[in-house]
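Before we start, here is the structure in question, set down as structure tokens.
So that you can tell them apart, the chains are marked A, B, C and D in the order they are listed, and the count of residues begins at 1 in each.
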């Protein structure tokens, strides 16, 4: 948080059918629905999150990610970073407060990898689902996988060097992990917090591809239970349960009814500013991605929305 | 980290017998010994920590804590906070680089609760024990409880309001949790990171009391295994395994051979800047501290070093 | 099962208020209600149990255990053991089929410790809650602690030697574990299966005391969650979470609203016929019972129903 | 155990290189080496097993299973079952006491699926590795995956109906689970204990094929750690971590250096005599075998030794 960016705060995901999507994200992942707006967008958050929403679902003809939002410490930071983004060459657009229910003014910008991002300083605080007064350990009535929060997104795109510059030099992220094919960085993981990644990019031919949104679970036990539920509900699975080499998180991948990939994961490494960047060699990429199978599957490499 | 303080980086603990202490902290908690110095001090770190040390053991006639150290982002932050501490009224002392092996210049200061703290910007980076090049998930040869890192310290003292001012207003910590007896804050938990506490204080009559140093485990499963090992090695136990109400961490308390209390714990809440402060009422203090038994034990309240 | 006794199959527990008891055993422990009878008794079973019931609740003026029932392989075994019990000197009473809904004829007998037991060969099979045709891993709609089955009961009484003779020599149980105070056996654990105990006795002054009924959980993770729920519902706790030395199960004890003690536990040792009997010395009894605290609490030793 | 067969007691496995095999089974799986004999065979057991050995390794030119052994209650049972096997039509051979170190006389017989089995009544009891006097929860110095015991073997062969008759009708096993392709039983799981399987068969074209030997772990957490170690030691993996539909065990498959498949697993269903046989339909076989991926891999179906 050296430049005042706190971390990943929300993602707006396009879904083909809102009812199916709500069933998936609310009743199966276990996010809590907190609002709907006049456009028909549905707002959700994890039970440990205090801000009003972290996931916004928007019905559209095509799946994918509209944008990811990062919260900053205050409006001074917001104004200063807005100028820095312009100076860097981003297309910057101001979104007025209230365009998303309960959210203050947002500064939207694009990245060299062709994705849309936002910064904002203010969002309505509704508190953790346990409350903040003599709170119980967890809410008794959680559903499905009981995801605790939105954790990060992984994006595919071409200009990784440009997006690294943007996130590291303009926004103050640290490069925690990378995969290198000789001199070419084929994967980069970035954070502003103790999380090993708030955002990650993998090199591809295209622009603006959405690989997955990731949600945190409490334990490997919960990864196992998530896997069981994925089968019980006959959700399309990608891979897992397994562990990553990169970040060492314990994970399972699957698809929402619109084809957007989700990850639920637990554990993994902590980042403390000053730690060396962890590097995986391209010839170890199988193990870097799927630590146990030690080989990539085609689907993971090619299917995005 | 709004003022550049990254978080808890080290603690120097006084022990009565160094050999016994090394057996305890290295072979039973599972810290890695990284160095010894001319004074006979022993340096250790957790396997996930990249800096050279987080625990320094010093043989002395009396157990307790010499000081806790916090790392800051860089030397500019260090210089600026040094002045702020003087302006606040702390007794500030400059410790030259190298007084602790591998550590840069430290700014030592006292607190209204009578404890000694330090800030520093530089420490030798030795890397996580897994390395940072194609790293395995964990080192194969860890010992004992396999603690991953020093997490926080809990201190007892009289002037909680003064220490809150110091940490919150001067050093930029956030007040994440508190226990209130009417208007009197009897416990305060503070952080600069995503951890629910980097440091905590409980109100007592005295000054400078050391309640415990806490080390992070990976899971509740590991809390259970730690409890087993505590029995196998006949280590003096305080309480646990159980959960806290405050922070909701899953925990066990025990004593090192010198009588210093240790905690090993897993899980617990995450803090994101902007979250409301969580408040526990004094009449719920039993549950706040020991969530399952819902009552305090005398030892936990009165035994400090 | 050398004489055809399969193992612990049911327990009838007296409760002071049926509504409160059903809330406790069904909604909090998570047993499934399977029937009620004309006497007002309520029948329950764990989700992994195939027979119609394992717990019968009977409203009465005094808490405690009416009887424990063991299933045997078939009616020939039942007839033969009935005669052996008479020959041993038990008071034997025949309970006709149907006295308990769905249960065949039962042979009731008393023990030297003053408890009532039953043998039976037939009970209506309703199947595991997942069914037996392409069954899912677990039922999606379980409540509370999700106990999987009735596991065993622990009883207090005076004539341990007599009850050992009865269970070992007449019914073919094996003595898996014992605690010895010199030549006096103060605790004895007996089984007919791979479970370390189907029934256990602790020496006391009295007769017919009920210490606890124990229910199996899937993991230490579930013991921790049970502990959390015990606090959330403000259930009276006895001790835990912890581990036993005897059997090494991971456990938590608490009380139903009538004052009957319950245990929920996970793990622990397996018994294979031919294994040596495990012996704990009286001076290690604290550790034998509560492996982590290594001391007994008065309540555990004296409170029975 | 209706006819006195206690359960799976040992397996003799052919390995191509004894040193590599010992490293694998002792240092990586974590079995304890208990003896070697004049033939060069190496004896091992899991730390919870009381009998002298459960795995015997024999160096040979071809990998595979020599035989599986089941323990029976006593010599009367042994003599009686020996006659029953002859009457059933098995080729029965008497192996004298001492041919395996510490093992009494064995009755060897073949099965319609072309596998070799043995019954025996006596084996030297060395006790669990924790001992049987005030035993600690687990031994401090276990290696690798810390498998607790040999659990079962899975065999491929043609005449499933014949082997079912042999195990069920002659030896008193219960059919706990099966997979049915119309009227054809393509998989059958059998037990004499509370374990969901002591032995399992899958229909193939051949005779005497060895699919895997399975070892029990304590928890899903340990399945995850086993998976990590499999990667760290670059052991050839088959599939996992995942869960089975059949038995619902949580599992990982991999190969010893000779190409024999091993399973390490945790959890899964319990069998109580009288439970209905669980049936999986052939069209659900993917889910029956690999509950999460819901599809079979070719390797699992075709590679045997």
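In this text, a contact is a pair of C-beta atoms (placed from the backbone, for glycine too) under 8 Å apart; a residue touches a chain by one contact, two chains touch by 3 or more.
Bear in mind the structure is a predicted one, so any value in this text is a computation, not a measurement.
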item: Each chain counted as touching chain B and chain D at once; value: A, C
item: Taking each chain's C-alpha mean as its centre, the one farthest from chain C; value: A
item: Inter-centroid spacing, chain C versus chain B (mean Cα positions, whole Å); value: 44
item: Where chain C and chain D are represented by their mean Cα positions, the distance between them in whole Å; value: 31
item: Chain A and chain C, separation of their C-alpha mean positions in angstrom; value: 48
item: Chain B: positions in contact with at least two other chains; value: 137-138, 219-221, 228, 231, 243, 287, 291
item: Overall pattern in which the protein chains touch one another (line/ring/star/complete/other); value: complete
item: Residues of chain C touching chain B in the complex; value: 220-221, 224, 227-228, 230-231, 237, 240-243, 250, 252, 287, 291-294
item: Residue ranges of chain C touching chain D (in the complex, touch as defined); value: 1-2, 4, 6-7, 48-51, 71, 73, 125, 127-128, 132-135, 137-138, 149, 193-195, 218-220, 243, 245, 248, 267, 269-270, 272-281, 284, 287-288, 291
item: In the complex with chain C, residue positions of chain A that touch it; value: 136-138, 140, 219, 221, 228-229, 231-232
